[in-house]
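Input: one structure, supplied below.
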Amino acid sequence: MTNTQVTLVQIDNYGPWTVTPEPRREADLQTMQSRLYADISQFVGNRGGYVFFTRFDNMIAVTNGCSLEDHALMQESVGNRYPVTLSLGVATGRSPVQALSDATERLQDAGSAQDETRRECLEGRVIGDDHRSDDDVQIAHFDVIDATGNYTDELNAFDTFIRIEQGYAELMRHMRYSHESLSFFVGGDNVIVVCPDLGTAEYEEAISHVEEAVDVEMQVGVGRGPNAHEAGFAAKHALETCRADGTRVELEWETA
Amino acid sequence: MTNTQVTLVQIDNYGPWTVTPEPRREADLQTMQSRLYADISQFVGNRGGYVFFTRFDNMIAVTNGCSLEDHALMQESVGNRYPVTLSLGVATGRSPVQALSDATERLQDAGSAQDETRRECLEGRVIGDDHRSDDDVQIAHFDVIDATGNYTDELNAFDTFIRIEQGYAELMRHMRYSHESLSFFVGGDNVIVVCPDLGTAEYEEAISHVEEAVDVEMQVGVGRGPNAHEAGFAAKHALETCRADGTRVELEWETA
Amino acid sequence: MTNTQVTLVQIDNYGPWTVTPEPRREADLQTMQSRLYADISQFVGNRGGYVFFTRFDNMIAVTNGCSLEDHALMQESVGNRYPVTLSLGVATGRSPVQALSDATERLQDAGSAQDETRRECLEGRVIGDDHRSDDDVQIAHFDVIDATGNYTDELNAFDTFIRIEQGYAELMRHMRYSHESLSFFVGGDNVIVVCPDLGTAEYEEAISHVEEAVDVEMQVGVGRGPNAHEAGFAAKHALETCRADGTRVELEWETA
Amino acid sequence: MTNTQVTLVQIDNYGPWTVTPEPRREADLQTMQSRLYADISQFVGNRGGYVFFTRFDNMIAVTNGCSLEDHALMQESVGNRYPVTLSLGVATGRSPVQALSDATERLQDAGSAQDETRRECLEGRVIGDDHRSDDDVQIAHFDVIDATGNYTDELNAFDTFIRIEQGYAELMRHMRYSHESLSFFVGGDNVIVVCPDLGTAEYEEAISHVEEAVDVEMQVGVGRGPNAHEAGFAAKHALETCRADGTRVELEWETA
């Protein structure tokens, strides 16, 4: 049974900072946001987690395996190297959406995202070591079937992007409302979804739904593990099986 | 009259590279993609351009002011510092979508994105210095009205994200199909759109359309300039006028 | 009693890579070397260690607290994100120089630094968790007394640099040959030295030696800990005591 | 005749920042310093210049080809992305040391490096476009003969480092006092020297001096150009000639 530990990473008072004393060069904001995300991806990733850029000023991470001390260290390190600071809310739950809701509330209770006195909060709870198990995290890695052949080498790059975006938007809403799951576009034609305990039927349904709604064909590899990296890596391998065998849904624990 | 120079930046053979000889750690792919984007943002940004992360393996840039030699240098520098290489297609046109289409075709004609023999192409044309003018680029900077008050401090972080995504998806399709414009989410609640010559009526219509379709309220500041940075910076200032005056559409050249 | 765990980090086949097929832009080599070092500093630093840039193609780290699995992960992550790969040799010993010698031999036995078939070696041993203690690492943090007043605000920037370099070179040789210690310039006017069990007499002697030999006046704060970060942080605090009290040598465990 | 444009890059009030309100984690300081240097290397390098890390809080650059506007842009961009700011002094002269002295004085006149009210100064003059010529910059690229065979594969990594350091320290002092040149260790066994108009005799003398003083054997390739990149690239090619032909001194404009 899944027990997802989710961390909401929020830059303190970011909106005002970007325009004080004057608006800042957009290219510099993009550079800073992306490098901050990349650093958090290394920190969390090296401890078995995943972080998704989401809105860049608000990032969502699956942090099973990261302690509160780890969170505090990441916060301190960012404060030493960037012109902004982070607040972190951590929570856990069987449903990823529920965990993310609780994590969000932890920060909202501490103060507004644009409250300039609310800085470097660290609120919440992690899963104790003795309460962890090998199926705490379920990750589904979707991609668009033959995106290169169907889109990238055929349409202009923005129309390809629109097709991928539509597929993502449809999948994202369906997985959130039907299955309490969190879906993130991760580049190319790939979407990674953080799920509770779902099975073949739910994934087949999701793929059909996206195909009917926006005519984008997807396949999915699914994995489980004690943390996001292990679950996600298993999902990547399952996706390779889809590619090799021409199947649409592969669950690593039923395939391997 | 706008004359947008658009560059399509494509990582060579990226899909196969990410799984050869084995799938690579997702956190590392995210880190590399983001840092590569950040570097391109600095290079292009320091020459007055904007680049948008788009799909990360395919990035779209507005490069008025960048010569073909600049493009070649960026390509060489990335090849010296990353485990991947870039191909670049450059084109110009009154319509941003038209320019992007031509830039895409330049690369498609050279070979597939996953053709492992197609490496480091540089194809296309830039606007000659004596053909440049002060209104070559029009940039519109949209944001969601009081996103912090309405969403960030109220909903869970993913539901806020869904609202912003829906607003973006609606605006993106409308601006592309009605106005041949290219729209990019740039973090927070901000969308930057690269436009041809549009006026107040078009922007008011776009905002109404998004409000009716998905109930997301946006405002917009618009600027013009010889390059993306100048047009975009003017747009940012016009957006500050919206915030200060409570207006929905501000054109910098009619406001200042 | 100190028990220093030292890792030698060596880029595989770097010399040839920098000139194949042609010499590469120097600015790009500098950028890549520095960012690789910065990443290793984050990885090792977040686990309580220190890494010193040394020669950039060969870097020396104090890795008490890092397991062999940590080393393997760092190696894998770098291989996913850079155009070069790393080989790592790890060893331990009461004397930092002895540990470093053993770590070096581990790699030399595996093959030449420019043997293109020798890639991503990981050789050596770490200190088992149950063999660790609170005084495994001793760090001394030296700086030049009032460098800003005496040099930076007075001499041209290169002559200031020469003075600092001379002080460093003298201290480095003395500490290596008299005390089996490893000294590293870390920027500004700071030198961090990794030591075995030394006391006030040895540090006073080192400072006198440097003053007599090259007329550069230094002070030092010394700390001990189970890892480099804790020892080094204690040393920084002791150095603050030197600055506040005007003393030349402060041992944190005798001061606090 | 050489006409070197030198920029002194100094982080404002850095010493106090590193210990306020408390000393900061050393690994974070190293990461930030290195990444800041890497960014400056890209900015300056992409405009044909070279920057050397020197002391990290004070960096020396050869900026022929960079205008004052370029300097201001780099300063602004760093201010948007780092927790520190830069002051810049720019000057020119036939002798690199003279130019660096003037650049240093520009900053010293504006205020102390640790004067917390002195922030983001930009002082000095650049070479006007119509005053530039093809031999404004002379770069000499030295390396140690067969460092891998003689040292890296034989001695422990610190003793190799000591040998390289001694060679560098000797060369650095000789070139500064005898030839008004600025020498910088750039990693591996490489030293790049920024020179006025020197010829074969001066380089042979420098190499003999180092060999006699510290028994380190070096070779050198020398190039000229309108900027550091072109001069340095020619020097790299000349160094390849040394390696291929077994010669000790090669001047690119006499070799090619």
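Per-chain residue numbering starts at 1, and chain names A, B, C and D are given in the order in which the chains are listed.
The rule is short, and it goes like this: contacts are C-beta pairs under 8 Å (C-beta built on N, C-alpha and C of every residue); 3 or more make two chains touch, one makes a residue touch a chain.
Keep in mind it's a predicted model, so treat the numbers as computed, not measured.
**Q** Hey, which chain ends up farthest from chain A, C-alpha centres compared?
**A** D
**Q** In terms of residue numbering, is the interface formed by chain A and chain D classified as same (over half shared) or different (under half shared)?
**A** Counting shared over all numbers used gives more than one half: same.
**Q** Could you give the separation in Å between the centres of chain A and chain B, each centre being the mean of its C-alpha atoms?
**A** 22
**Q** Per the centroid of Cα atoms for each chain, what is the distance between chain A and chain D, given in Å?
**A** The computed centroid separation for chain A versus chain D comes out at 43 Å.
**Q** Measuring centre to centre with CA averages, how many angstrom lie between chain A and chain C?
**A** Comparing mean C-alpha positions, chain C is 37 Å from chain A.
**Q** Among the residues of chain D, pick out those that touch two or more other chains and give their numbers.
**A** Only 25, 28-29, 31-32, 35, 42, 45-46, 77 qualify.
**Q** Which positions of chain A touch chain C when the two form their complex?
**A** Listed in rising order, the residues of chain A that touch chain C are 39, 42-43, 45-46, 73-74, 77.
**Q** Would you pull the chain A residues touching chain B in the complex into a rising list?
**A** The contact residues of chain A facing chain B are 8, 10, 14-15, 19, 23, 25-35, 37-39, 41-42, 44-46, 49-51, 53-58, 60, 97, 100-101, 103-105, 108, 112-114, 148, 152-162, 164-166, 169, 172-173, 176, 182, 186-189, 192, 229, 232-233, 236-237, 240.
**Q** Provide the residue numbers of chain B that touch chain C in the complex, in ascending order.
**A** Residues of chain B touching chain C: 24-25, 28-29, 31-32, 35, 76-77, 80-83.
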